[in-house]
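For reference, the structure discussed in these notes is given below.
Should a chain be cited, it is by its letter among A, B, C and D, assigned in written order, with residues numbered from 1 in that chain.
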Amino acid sequence: QEGLEGMTIGFSQIGSESGWRAAETSVTRQQAEEWGVNLQFSDAQQRQENQIRAIRSFVAQGVDAILLAPVVATGWEEVLSEAKDADIPVVLLDRGIEAPEDLYLTSVASDQVLEGRVAGDWLVETVGDEECRVVELQGTVGSSPAINRKQGFEEAIADHDNIEIVRSQTGDFTRALGKQVMEGFLRAENGGADICALYAHNDDMAVGAIQAIKEAGLNPGEDILVVSIDAVPDIFTAIAAGEANATVELTPNMAGPAFEALAAYLNDGVEPEKFIITESKLYTAEDDPEGEAERRRDLGY
Amino acid sequence: MNPRYWPLIATITIFVLAYALAVMQFPALFSTRVLGNLLTDNAFLGVAAVGMTFVILSGGIDLSVGSVIAFSSVLIAVLITQLGIHPLPAFAITLLVTTLFGASMGTMIHYLEVPPFIVTLAGMFLARGLTFLLTQDSISVSHDFYTWVRQFYYVMPGGGRLTFNGGLMLIVFAIGIIVCHRTRFGAYVYALGGNAQSAALLGVPVARTTIGIYAVSSFLAGLSGVVYSLYTSSGYPLAAVGVELDTIAAVVIGGTLLSGGFGFMLGSLVGVFIQGMIQTYIVFDGTLSSWWTKIVIGGLLFGFIVLQRIIIAASKRDWRKKKVEAVRA
Amino acid sequence: MPQPAPILAASGIEKSFLSHKVLDDVGIELFPGEVHALLGENGAGKSTLIKILTGAYTHDAGTIMLDGQPIHPRDTRHAQEMGIGTVYQEVNLLPNMSVADNLYVGRQPMKWGLVDTRKMQRDARALLARYDLKIDPGAQLDSFSVAVQQIVAIARAVDISGKVLILDEPTASLDQHEVEILFEIVRQLKAQGMAIVFITHFLDQVYEIADRVTVLRNGRRVGSRPIEGLGRMDLVTMMLGEALEHEDAMRIGVTRKPGELYASFKNYSLTGKAAPFDLDLHKGEIVGVAGLLGSGRTEMARLLFGIDKPDTGQLTVAGQPATLREPRDAIALAFAFAPEDRKLDGIVGDLTVRENIMLALQAHRGWTKPMSGAEQSELADRYIKALDIRCTGPEQPVKFLSGGNQQKVVLARWLATNPKLLILDEPTRGIDVGAHAEIIRMINRLCDDGMSLFVISSELDEITAYSSRVLVLRERAIAGELTGEAINTTAIMEMIASEPEARPQ
Amino acid sequence: MTRSIFSVIKPQFIALAAILLINWMLFPGFFNLFIRDGRVYGSLIDVLNRGAPVAILAIGMTAVIATRGVDLSVGAVMAIAGAVAATMVQGDGNALIVVLGAALGVGLLCGLWNGALVAVLGLQPIIATLILMVAGRGIAQTITEGFIVTFNDPGLIFLGSGSILGLPTPIIIMLALAIITTLVMRLTALGLFIESVGINRSASSYAGLRARSLLIGVYAFAGFCAAISGIIAAADIRGADANNVGLWLELDAILAVVIGGTSLMGGRFSIPMSVIGALIIQAMNTGILVSGFPPEFNLLVKAALIIIILVVQSPLAGRAWHFAARPRTKRSEVSPK
């Protein structure tokens, strides 16, 4: 791909808290290589202040553009106006921010509420009119994916009285807690007999929960439906084995569209669309899960 | 030269040396812009470090700092955006609440004789828990006052900005230095750190001082939350996770002994700068992967501490020799 | 005799720690312008009474009257505000702060709402000058020897006390010169009408300075007497409850014939701590070590025990060359060392009396070969009895023992290892008359059994009593040696003072 | 004096019983146990099983804290050990014993590093171990390259979710480790030596203890325990999650030790009580899970319970206990205070 050769682009990444995040980082690196971009990478260890510091340093170094995967939606105004004053375009990755739109060139992100809604819609469709008691594994309390994915799912099931979230706890987006919390759910819900479906805010928690369900002597995917978000390879393996039912894709390739937009803007002055929304595609057992798992291994998972 | 200044001098020397080395590698680091950023970006850390210095000097520890910062930034945001209160009274309320919070931790530490590590650990959970109760979402604050404050900066030669936050941190440090070294309260803090039992027998008001120390620490953590709020114009419940460890590291790198009784407020400022330098250096480098970032931070921390020990050990040997000569003379 | 009203009067004081009654119906009256000696065996309850009078402990029953008014000191600060100044037994200062801070903490001179450091230093210098101490008040306290620290504590207490000054064993770590200065000041205060409580185990000092004595035994008041007309033997009997057997200076050392050479230190030195010295220690010999504070006696002992590594020197033990890298090596050669600072280097406070006694022996055997429970109890019981350690039992944490009894525990620890060379640094510091005689007797007995002893002491009487040989140290070097008949206090004093006096730093 | 019940029962047991009771009130099935496929199931078992990693960390942490130290790096060491185990067992050809040996060895090595910093360089324990806490997770991620390395080795998985004698393996490992460590500490003089060094290092080395080796030893042991814990955690989810495993668990472990009654100032320690401390924490967490509180209350509940436990265990309450329990024969003349 052409248009960005030799340019220096700063990338402020949140951290490396999950496999998905690591994949996003490595996809971004791959993309940078393809575009011939010199990528200045900075890992913020989950701290907004480190991201602000990184952006300031990028400005001080005089990079050509900045990619920002914001850890939180608020609090960017000041530092982004500094970048704007220095005429450095900023592209947001994987989530939007609450700031005047002129502060960034574009935002390449998924719609987190939509992700939750897609998962919810799938469940609504799948159970039909049957009673369904759902348990929910939330992400980290206070993080925006957790809040938005919860909201989307609740919106989707709002008009369906037969579906009800009976228990909801945080699993911190991790496998270990996903498993542990699911164990608690199973214990509290009559050994799992009263649970009809599990909704997990990410695949990792779902993978952990699937193990818990199996250890409790139930069949995940049959006795308890499993739907989650992210579409990482391990969940496809589970879907292929019939242990999970559906996942909603969140692509780790946010950098590709970002670089395209930047190339067009820097070379030809083309203003890209303000919000580039990545597709929130639903995958089920019908969608060649083995193949999807394989394809994704190359994405840096 | 009084030997107790050696750790401080060692720290300053190391900082200057490290900065010089970093500048040789990245000349862009040598600018008032970077220095200004160093002040601004570490302002909230610095303000909290002042409080932590008091705590550590007294032989205690305060793990609740990060949570209290998050709590106050969120409380401010809630007060301003949801209750429509002007920022200034919102700040005042917040500082009052956090001060009381610290005072009650101090009360528990003194009267229940529970180690500060555990009390403040509970405080850490409690403050973060209260934050979630206020809101789970991050709240954006847009108020004229914030915009107004943002205009207060002094442009240094070379284009760097000394911002309101940076300046506030320096003022807090200046006050901290005076309180620490020139007031009775400061002397009591050192006394507690030296030997709490002896201090009590010498007539140091142990209860009042202990409660005061943790109240000050939480007050400054609250102020740090104010700084954070101004810095990001928002309240974020997951902000400042683990900042307590950063502050502790800054204080200790600054030459203060965790066992209490030895150290200087000024050292903590240098410690904060060193922490900030490490981060800035890594961003300038820009080639480290996520995991190498952690390893390098750990490695640099190790390097600083070992270097400091070497300098202090060398100075001690030197000092002992001089003392012997003085005795012989 | 028409007596004025007492300044401070306590009566019916009771105090228990858990179920252990430490003070039972104790009283004391202090009159203006008197020096009141408070005497008693180790563990009699002297320090506890002091702590109650000054608000450091609360009492279970009893009343305290100051100037005829009942008082309830809440804490030491409160007592200080009422004009009661105290030096507690273990030097209770702040090692990490400057001398001036220690003198004035809690009552620093203020200016513009801030501490006036300059005035504080000036005041401190003036205050210390009265004690013939010319040190930099800005220097950190722990850069000075224990003796200097003791003087600082005294200076502070004197400065605070308006009505009553209490000194708990202030002279334990002072040498003669400093004791004299202290007494001079006490006399001045007395002339000003202050009441002074003075606790000590040195009866000479009691007779020199005190007007009246109160004696405690086992937590009860035996009685209060004017010192005039009170015989030394009667006083000892009051304290011990029985007459002390033969207190005569036995001078056994003179007649003793040293046995074969055990340890031989050649050309040992450590820059700044010890000038090169040669030292031969024989079995069945007691080498006494005398010198002023800071003359380097402790330094030498530390070298002998491998705590500090020498710059130069060879060691031969029982004919075999040996090197000491750490105390373990010394212990392996059957050395033992009871250090001078028992709180810092001696006792392990939270451990029980039993565990403290067995510690060194167990360390020597190694952790894989634990002593059986029976063996431990036997060991503890034996030494508790042999040294008359006053405690509620072998399972009492040693930190709750009185100072003198802690010292005995440390001694017991080393005796339990059955050493061939025993190094004692001020073994009788803070030990009561009865135990003092007992320890000296024990030192003699050990020597007779063929042990080699190296004993540091500031009490010349004591040194002359048992030494077969006396080393005199001055400015970290051996200044001279006395043997046999030549050993006497005067000769030692002359040797110590033969050069311009070295003041401790 | 007759000993009253108050002075015999440790407050830790009361705390544990109280929390279990509360759990039972919130969730009536809490004490139900049932057996399926020769294995016992139930919430009580969950408490033990989920508490095992922290309990194992707490066993090592107890020894460190007894020497007046603290080890912040155990969470990171868990990550490293898990990463080593997962990558080695996945890259086939390595016998399980080799894999476990390597993982435990790496943990031991991490502990030795900490111990050397503390005992040889004389760094303050918090800072010395903070270095590995920061860098260790990076090292673990370097091994896994940031991904969750999954594996299917039945032997390794057995350590996480298998069962021995009807009980989950982690429980057996925890009990075995606790018993062996307690026996080694108390049947030999090791426990005494550790306490002695913790209370007064100077006096201990005068008495001939190898204070330095002992210090290095306890940190190595803590590293070893962390490695065991890390292996169990990885085996539990059949994958090494270097990013998240053991995150902030060092604080839980320290908390467990303190709840168990070992002072952070060093000295007297009790390994069984630390294990009880860990179980108290886990009972709290499990209670939160089964009670159905919304997750935003988790931290508040935890903080409140910790504070209550601290109050119950404080010397102040102890004196009140003592007061309540003492024989009422004495005249009640109480000093004014």
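One rule holds in what follows: contacts are C-beta pairs under 8 Å (C-beta built on N, C-alpha and C of every residue); 3 or more make two chains touch, one makes a residue touch a chain.
Predicted model only: the values in this text are computed from it and were never measured.
> Could you pull out the chain whose C-alpha mean position is farthest off from that of chain B?
C
> Could you put a whole-Å number on the gap between the CA centroids of chain C and chain D?
Whole-Å distance between the two chain centres: 43.
> Hey, how far is the Cα centre of chain A from the one of chain D, in Å?
Roughly 34 Å, centre to centre.
> Using mean CA coordinates as chain centres, what's the chain A-chain C distance in Å?
Comparing mean C-alpha positions, chain C is 71 Å from chain A.
> When the centre of a chain is set as the mean of its C-alpha atoms, what distance in Å lies between chain B and chain D?
Centre-to-centre distance between chain B and chain D: 30 Å.
> Got the chain D residues that touch at least 2 other chains?
141, 146, 296, 298
> Do you know which chain A residues sit against two or more other chains?
16, 22, 25, 141
> What pairs of chains are touching here?
Between chains, contact exists in these pairs: A-B, A-D, B-C, B-D, C-D.
> Considering the complex alone, what residue numbers of chain C touch chain B?
Spelled out, the residues of chain C in touch with chain B are 56, 75-77, 80, 86, 88, 92-97, 101-102, 105-106, 108, 110, 113-115, 117, 138-140, 143, 156, 271-272, 475, 505.
> For the complex, which residues does chain D have touching chain B?
70, 72, 121-124, 126-127, 130-142, 146, 251, 254-255, 258, 263-265, 296-304, 306-307, 310-311, 313-317
> Hey, which residues of chain C end up touching chain D in the complex?
Within the complex, chain C contacts chain D at residues 18-19, 58-62, 72, 74, 305, 307, 326-328, 331, 337, 339, 344-351, 355, 359-360, 362-371, 413.
> Per the contact definition, I'd like the list of chain B residues that touch chain A in the complex.
That would be residues 28, 31, 33-34, 37, 40-41, 44-45, 131-132, 136-140, 142, 150, 228, 231-242, 276, 279-280, 282-284, 286-291, 293-294 of chain B.
> List the residues on chain A that touch chain B in their complex, please.
Touching chain B from chain A are residues 10, 13, 15-16, 22, 25, 39-43, 45-50, 52-54, 56-58, 60-62, 72-78, 98, 140-144, 146-147.
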